[in-house]
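You will see two complexes here that share chain A, one where it goes with chain B and one where it goes with chain C.
Now for the complex of A and B:
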């Protein structure tokens, strides 16, 4: 893998609070997810990579050029920040045209390129409206258009799917995957695991400013397969299900909440258990109102990883 | 994307990695000038459309109040000898005391102080600083837009005062003394630039820049001019006092208490003021290049 985005010991403090701590990683072409809970340091890391924050220690490099020292790095770097303001009184068209003109485009070229970008993100009809009055989703799309304005090799996206409706989400995901397939390096931050999984398998996991794990999300999941996981079931056929599950060797413990009508069980091989259970449901004709795996949340993933790795960095 | 190489900011860039439409062959300086030119047009337009423009327009109407009063008196006493001899003197006092010592400082303070810092606080810098252009292009562009628009506004106000005073019914003289108006206007524009460059830099360097700006303008700039010694050379007012043909300032109000300060040569004044403006702009550019664009901890 050729690294287009490189972080060397990136560290940033906010007064006495550590934003990100000694992050070293290399990212190559394709889509990479940046996962972490709120406050994990995702936006700080992206801002450091985009040159919007200066690191206290360490450096970031885009295509071999150090961010912060070399303005021409922005020919190769696009960034969609998690910002709601900064559009001034400009319309979507003016906003893009202005930035293209500042970036060196001629008046007509800038206008043509802005029209093309707005059409690509589905904002042609709203092009003349004030961008400050756009909905959150429209602003996201406008920022995405700006990030793509100079067709950069490296694109940083800070929570790009937040605030989008399902259609917008699908379109945005398609666009991000397409960039990855084109060979661009795309780093997408999110705190929602399945959101990132729908875009890529490669992830960096951040926790409290530290790089907790990096690699293929499936490897990380596999590594966690041995950790007992909870499954919560709600069904009118609870008694029949309980009898069957009690005999299942994969089930470590079973709790029948007679008051709330829920069955809570713990299993080591979650994916295998779910597969078996689905077969049983189909065979026995049980009606299942709800089935959830609360330990699959991001919080649980991080808690387990921390427990397993003693809070230090590991690889997935 | 084709083959071959291009030069971007003095660095070799493989064209295969370069955006097809914007592979630049420009130096850092040329890129700064080209971006500054675009930004200048943008900010000049934005300034004229802003609410601040209206406030400043209103502020610049304030010195016209005594002028209108004088004009009314002149109508009541047409042909008065006092009017003939004192109209031009009154204009000098108004230009140097009303405009230079008071309005210019206030306008520069309230207009220029947030000039660069508002780009950061409004969030516009988060997008602007993603453009492939040195951040140092921002200060000259915004500064020139401010200087241009504020000078035009001050010129309109000053001309209104000049015309009202100089077109008295008994002794119309505004045509023959036009050079007086242009010299005063030029010096007021220079003062707007010098104070504006300093206050806009202050907006980037310190917390509560308005307070520090007020202290500088009305305590230091005035006080150091009446202190014995050479401290007056460290004030902007000294140089404008030297340049203004018929200067009248607060120092003149208490001639017995104030030591007579020697004036500097015109050339010296222009050189010092130009250097002051250039250094302020360079400092602001350097500061912007090295500062965070987002507020700490924003996530």
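Now for the complex of A and C:
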């Protein structure tokens, strides 16, 4: 994987308050989630990557070029900020056209491109209305259109799904996934885990300005060998399965579930357990109605990581 | 198509140079500044004053009998003729409207961008710090010129129009020069401090109020010196009053205007060049504030 976004020891302080601390990571094409509780440093990190903030230490690179040194970086970077950014008295069309023109496009080109972008985010009908009067969802879509204005290779999205209705959320998620499939590098920040989970399994986990973990959620989970994982089984042959699993050294504990036929067990070696269990099912002919690993979800991984680091707050 | 098989395709449009991008920024929001409701109302007052002066010029040239009664009052004698003093009077009237318009329109120019976090967004277009400041200055200056330079020059040309004295355009060219120079000084020394306050105060109304206080402070100071009992108590106090007047924006404007139109109104002892230095210092300080506060990558919510 070629890294289009690279962070080297990226650090930012606000006076005595630490924004982000020594973050080193590489992100390649596709969608990557930036997860963290409120105040974890997500927006600061995105601002550092977008060149809106100067790092106290370290550097950020976009497509191999250092942010802050090379202005051509800005043409390869799209940023959808969390806050409303200077719509003023402009209509949606004027806002996009203005920014495109300031980016260097001619009047006609800028207008054509703005029309195309507004149509893509479903704002064609509201194009001539004052952007300040748009609903929250419409403003989010307008900001997304601005992020996509220059067809950037790298797109940074700060809480893009906040304030959207379910329909808008689905459309926005579809758009973000499509960008990822097109080969763009999309970094999406959120503190709502299932939102990110619906977009990607590749994440950066931030906590109190530090990078807690990065990579695929399953890989992160596999590296946490000391944290047992739950497996929930549902089978009419529960008793026979129970007897066999009780003798399995990979299984740490066994409990009957609340539903009849349900069994919950804990294991530290999930892949080994699943492999053994598959063989047993084939050999004994057990009927398994359901098998799930709830601790594999992003939320569970995040919770366990926070517990290991001494964080106690839940996620939104 | 698999991700690895795809390549990034930039938008195919051609891209213009730095100057074009800067001009797009200036012109893009100039319309918004010129459509400001405050500008409309203030321009209306200015228009009334302008037509009053033009009427006076017409009366002097064509109906001098009507103005006979004016010549009998010593204080208003200068209204019975058109001279550099007529233009000086008009331009000094415009000072108040320059201040008012700067406070009403200029207060929000940068404060609005800062409140919305749009400054870094513009810088990442990319627009340089110099480009941003000069663009905002030009937008405000364009509005201020509508209540200083434009009516001043219109009055100058208007005189020829109402009197059919076309030689006036060449004969009194120093007056036209005075109007241009004085307007530029008004505009620069009002726009830069206003933009600096807009940048520092964080809110358009607060910035406008701060500028109004700064302007009115100048007048209040003069009023204070003239009202206190020690006035006339010696040369030292008079000198103190005159040196303190260097801190007053309107009094400095008066000094400069009188110097460039070759007339005397207020009879201040300080040389006009000192006032020019004071205004240049104020403008330079304001620019320094803008330059240090508006860092391209430092503004964050």
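The rule is short, and it goes like this: the second predicted complex is superposed on the first by the 220 of 316 C-alpha atoms of A that agree within 3 Å, B and C clash if a C-alpha of one lies under 4 Å from a C-alpha of the other, contacts with A are read in each partner's own complex, and residues count from 1 in each chain.
Assume contacts are C-beta pairs under 8 Å (C-beta built on N, C-alpha and C of every residue); 3 or more make two chains touch, one makes a residue touch a chain.
Note that the structure is predicted; figures quoted are calculated from it, not measured.
Following the overlay on chain A, a clash is recorded for the pair chain B and chain C. In the overlay built on the shared chain, the residue A:15 is in contact with chain B alone; chain C does not reach it. When both complexes are overlaid on chain A, the residue A:78 reaches chain B alone and has no touch with chain C. In the superposition on chain A, A:29 contacts chain C only, with no contact to chain B. By the touch criterion defined above, A:42 reaches chain B but does not reach chain C. When the two complexes are overlaid on their common chain A, residue A:65 makes contact with chain B while staying clear of chain C.
By the touch criterion defined above, A:286 reaches neither chain B nor chain C. Residue overlap on chain A between its contacts with chain B in one complex and with chain C in the other: 43-44, 47, 50-54, 71, 74-77, 79, 81-89, 98-99, 101-105, 109, 113, 150-151, 153. By the touch criterion stated above, chain B contacts chain A in their complex at residues 8-9, 11, 13, 17-24, 26, 28, 31, 34-35, 38-39, 42, 46, 49, 122-135, 290-294, 296-299. Across the interface of their complex, chain A is touched by residues 3-4, 6-11, 13-17, 20-21, 24-25, 28-29, 32, 112-113, 116-118, 120-127, 295, 297-301 of chain C. Chain A contributes residues 29-30, 43-44, 47, 50-54, 68, 71, 74-77, 79, 81-90, 94, 98-99, 101-106, 109, 113, 150-151, 153, 180-184 to its touches with chain C in the complex. Residues 14-15, 17, 19, 38-39, 41-44, 47, 50-54, 63, 65, 70-79, 81-89, 95, 98-99, 101-105, 109, 113, 143, 146-147, 150-153 of chain A touch chain B in their complex.
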